[in-house]
Amino acid sequence: MEFTAKQLADFLQGTVEGDLQAKVCDFSRIEEGKEGTLSFLANPKYEHYIYTTQASIVLVNQDFIPSRPVTSTLIRVPDAYKALAALMAVVEQTRTKKTGIDSTASIASTATTGEHCYIGSFAYIGENSSIGNNCQIYPYVYIGDHVTIADNTIIYPHVSVYSGCVIGQNVILHAGCVVGADGFGFAFDKETGKYTKIPQQGNVVIEDDVEIGANTTIDRAAMSSTSTVIHRGVKLDNLVQIAHNVEVGENTVMASQAGISGSVKIGKRCQLGGQAGLSGHIRIEDDVKIGAQAGVISDVAANRTILGAPAIDARDFMRSSVIFNRLPELSRTVSQLQREIEQLKKEINK
Amino acid sequence: MEFTAKQLADFLQGTVEGDLQAKVCDFSRIEEGKEGTLSFLANPKYEHYIYTTQASIVLVNQDFIPSRPVTSTLIRVPDAYKALAALMAVVEQTRTKKTGIDSTASIASTATTGEHCYIGSFAYIGENSSIGNNCQIYPYVYIGDHVTIADNTIIYPHVSVYSGCVIGQNVILHAGCVVGADGFGFAFDKETGKYTKIPQQGNVVIEDDVEIGANTTIDRAAMSSTSTVIHRGVKLDNLVQIAHNVEVGENTVMASQAGISGSVKIGKRCQLGGQAGLSGHIRIEDDVKIGAQAGVISDVAANRTILGAPAIDARDFMRSSVIFNRLPELSRTVSQLQREIEQLKKEINK
Amino acid sequence: MEFTAKQLADFLQGTVEGDLQAKVCDFSRIEEGKEGTLSFLANPKYEHYIYTTQASIVLVNQDFIPSRPVTSTLIRVPDAYKALAALMAVVEQTRTKKTGIDSTASIASTATTGEHCYIGSFAYIGENSSIGNNCQIYPYVYIGDHVTIADNTIIYPHVSVYSGCVIGQNVILHAGCVVGADGFGFAFDKETGKYTKIPQQGNVVIEDDVEIGANTTIDRAAMSSTSTVIHRGVKLDNLVQIAHNVEVGENTVMASQAGISGSVKIGKRCQLGGQAGLSGHIRIEDDVKIGAQAGVISDVAANRTILGAPAIDARDFMRSSVIFNRLPELSRTVSQLQREIEQLKKEINK
């Protein structure tokens, strides 16, 4: 497929600056842009590449003001990154999807599958489970008993969904993620020094439009009437840990290797950086931003941006970090002041 | 099933405070307690919920003194959390377990399986391996060659147990965990700048009553006569890393995403917080508590509680953290003192 | 098999110090050395064991000078660890490898497999994919469509290689690792507070001689003409995260649970400690050492050794850490100085 700048601008409701007939047939990153490709500029850090890129067309934000001449044709749109997403989604839809139920799949006689599903080789669907329409269940997906999966959901290879879990529509579960393993619940016996397992009898509920990264783990809730809940629109990266009875609010995102302890409640539209960790039983309100590697040990009010371990206001943390880096100097200064004061005392008492 | 307060108290050897005939048929969390459910209060942080919960019965510790009136019937027991575990275990035992060997399972002719086992669809059991009695081997479990698994062990889907490993009885391995992959052993060649693999020829030994979380990885030992050992009663959460030749002492527990480097030896009844990391070749003695995200780079004596990176005594770390948070202020104070001393010097030398 | 000190020294081009006829038939760790075993001393931390070990022969570096008498026979070689690796590799080669294509494997009619391959039970190889000669593809390995795998590569159970990825020769992928899952790319819509998925249409390229640990995840690049690249000789430990469009330079190694954000470029021969985290869009030059748990948020010049979060020069970090640990004391000293200065002011103004 090949498109002209004019065609793309019409589709995106943007305006062309340059050659209306410039043609592209592929995407490229701006730093590697070649003739015949479409690139984009969203992160200001990459602006300098726009003056040298060979990309034929570059999507830019409406308010972008070049500081030097640009040879590529520009298409101005309200949000260059969103426009790119829209174009890539069009390409994505042209890809053929797998269909049909593979003869090697093991589907319980009491399970049901919707229309137009792909059920791959060796997939396993347990008793009384139901799969919605247009789902894609890849090879080696394990769906336990009494699991419900709604329409248009994609489950990649080697995902395990333990019994009793509920998964919404338009959900994507990437390879190797585990939904519904037992929470980490044990009662310690002081006399014997041993731990007794608390059976984990709740489930996991994943609402619509959620995407879960590869090898991420989401534990089932402890008690039979309770759920670990991932609300609508949440996006979790790879290798994230969500413990039992956690609730993650709508449209919250977590970068890779973040870890959430048991019974934490996280609000809507929060952002967690990579490797951030949250202690158990705390509450994070809406629109909180938690920096990478932060360690959060208490409740956080809405709209805060925090960093460090234990986490504090992000700007305060960065200010303290600057001083941390010159602590040896500060310490020497204090020692010097001590000596000077001793000297002054002597002089005064002379 | 429905039980009265009296029946439960008799079973738990506790005492009822309130309506002996109060009935429950399910569990609930105290903050969400509904009529007809049994809840519990163990964490003092949740005490305020006991005054408003709708749970018909609440398990409390013997010494609990309410500060306000409670409408629920109370059952006093020595340890409310342990009592809960006991009741949940009773419910758990009423659940039907899967049995039988699925026709799609691939079991080597030289392998043996005990009585009353469940071997799920597509399970794989290699040459000369043996599975004990009453084991549950879920779909897609990979058991390599020469593996021994004792009685009553449960292995969830997508677990890999590499060749030569030994697993005890009453062990639970959650989905996706990997037992016995190669340790990270390479010899660096300064001349070529390349790494040469050190073949990893030892194994992993997991003793009785161990539980391993989802997607956790435990590497095999380097040398053929050595083992990475997880001793009896250890509980590891999800996404934990145990490197080659590590030894984890009895009844030690690790929260999610903790990482243990090669040849570390950890004592009995230690507790590691989430995302804690231990450097290689160190020794942690018994009953040590290592806080979340701690970075431990040297040996730790018994009974210590440590935190921070590099980890120090936890209380010292918290005290230093408090000052860290106001380092900019401390720095300004020091600068001010410098100026004042300069002024004093001038005044004295006037 | 049994070897004498003389035979081993000849093979390793080393020199014997002690009994030329000392015999060994197995390896051992120096702290557990038994008669009839061969051990080695490379890490000076273990030197004290050489004076008590029961190992019959110990490999040592040429320049090792014992401070006390040693009873074991020594073999001096230029690099004891490398010599050990060479001997273990010889043993490794005597092990029989699995061969043949299992009848339960699902191989697309358009896929090709080389000579002398092992394709295990339930393995899945998608459309138009090709597997080189002498490869070992274990049970439950998922190879998507249009994947290329070169000669002598070993892929352990439960690995997922998504469509379009390219894997070199002599590569080892450990159990459960995921190659080519979607990168974490979403466009945030301020108006709706929702995220729109950016389709991830690039791939992952893994060059020759790479080893990837268990449950590690490597995301595919975002744009169709781009790749996440793991260059020749790279070794990644377990549970590592590599985000989309990252490039890891030749012979770089990463310890477990390290996490690399999107579009990071890492040079050659770098070393990353466990749980280290790198922010997106930064560039790490050649021969950089990044300590465990470090948080790197900006570019790093060649040959630097850094530590801490945000990471600084490692020695500076350790110096500041020492002061951090006595911040309460420093703070008290400053308060004391304030009081003394107030006192001096009074005295001067008397």
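So that you can tell them apart, the chains are marked A, B and C in the order they are listed, and the count of residues begins at 1 in each.
Following the convention adopted for this analysis, a contact is a pair of C-beta atoms (placed from the backbone, for glycine too) under 8 Å apart; a residue touches a chain by one contact, two chains touch by 3 or more.
Computed from a predicted structure; not experimentally measured.
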Degree value of the rotation bringing chain B onto chain C, based on Cα positions, nearest 5: 120
Proportion of interface numbers common to chain A and chain B (over half same, under half different): different
Separation of chain A from chain B, taking each centre as the mean of its C-alpha atoms, in whole Å: 25
Two or more partner chains touched - positions in chain B: 122, 140, 158, 176, 215, 239, 257, 275, 293, 324, 327, 330, 334, 337, 341, 344, 348
Interface residues, chain B side, partner chain A - complex: 26-29, 32, 34, 37, 43, 45, 79, 81-82, 84-86, 88-89, 91-92, 102, 104, 120-122, 138-140, 156-158, 172, 174-176, 209, 211, 213-215, 233, 235, 237-239, 250-251, 253, 255-257, 268-269, 274-275, 292-293, 321, 324-328, 330-331, 334, 337-338, 341, 344-345, 348
Chain B - residues contacting chain C, complex: 106, 122, 124, 140, 142, 158, 160, 162, 176, 178, 181-182, 184, 186-187, 189, 193-199, 201, 215, 217, 219, 222-226, 239, 241, 243, 245, 257, 259, 261, 275, 277, 279, 281, 293, 295, 309-310, 312, 316, 319-320, 322-324, 327, 330, 333-334, 337, 340-341, 344, 347-348
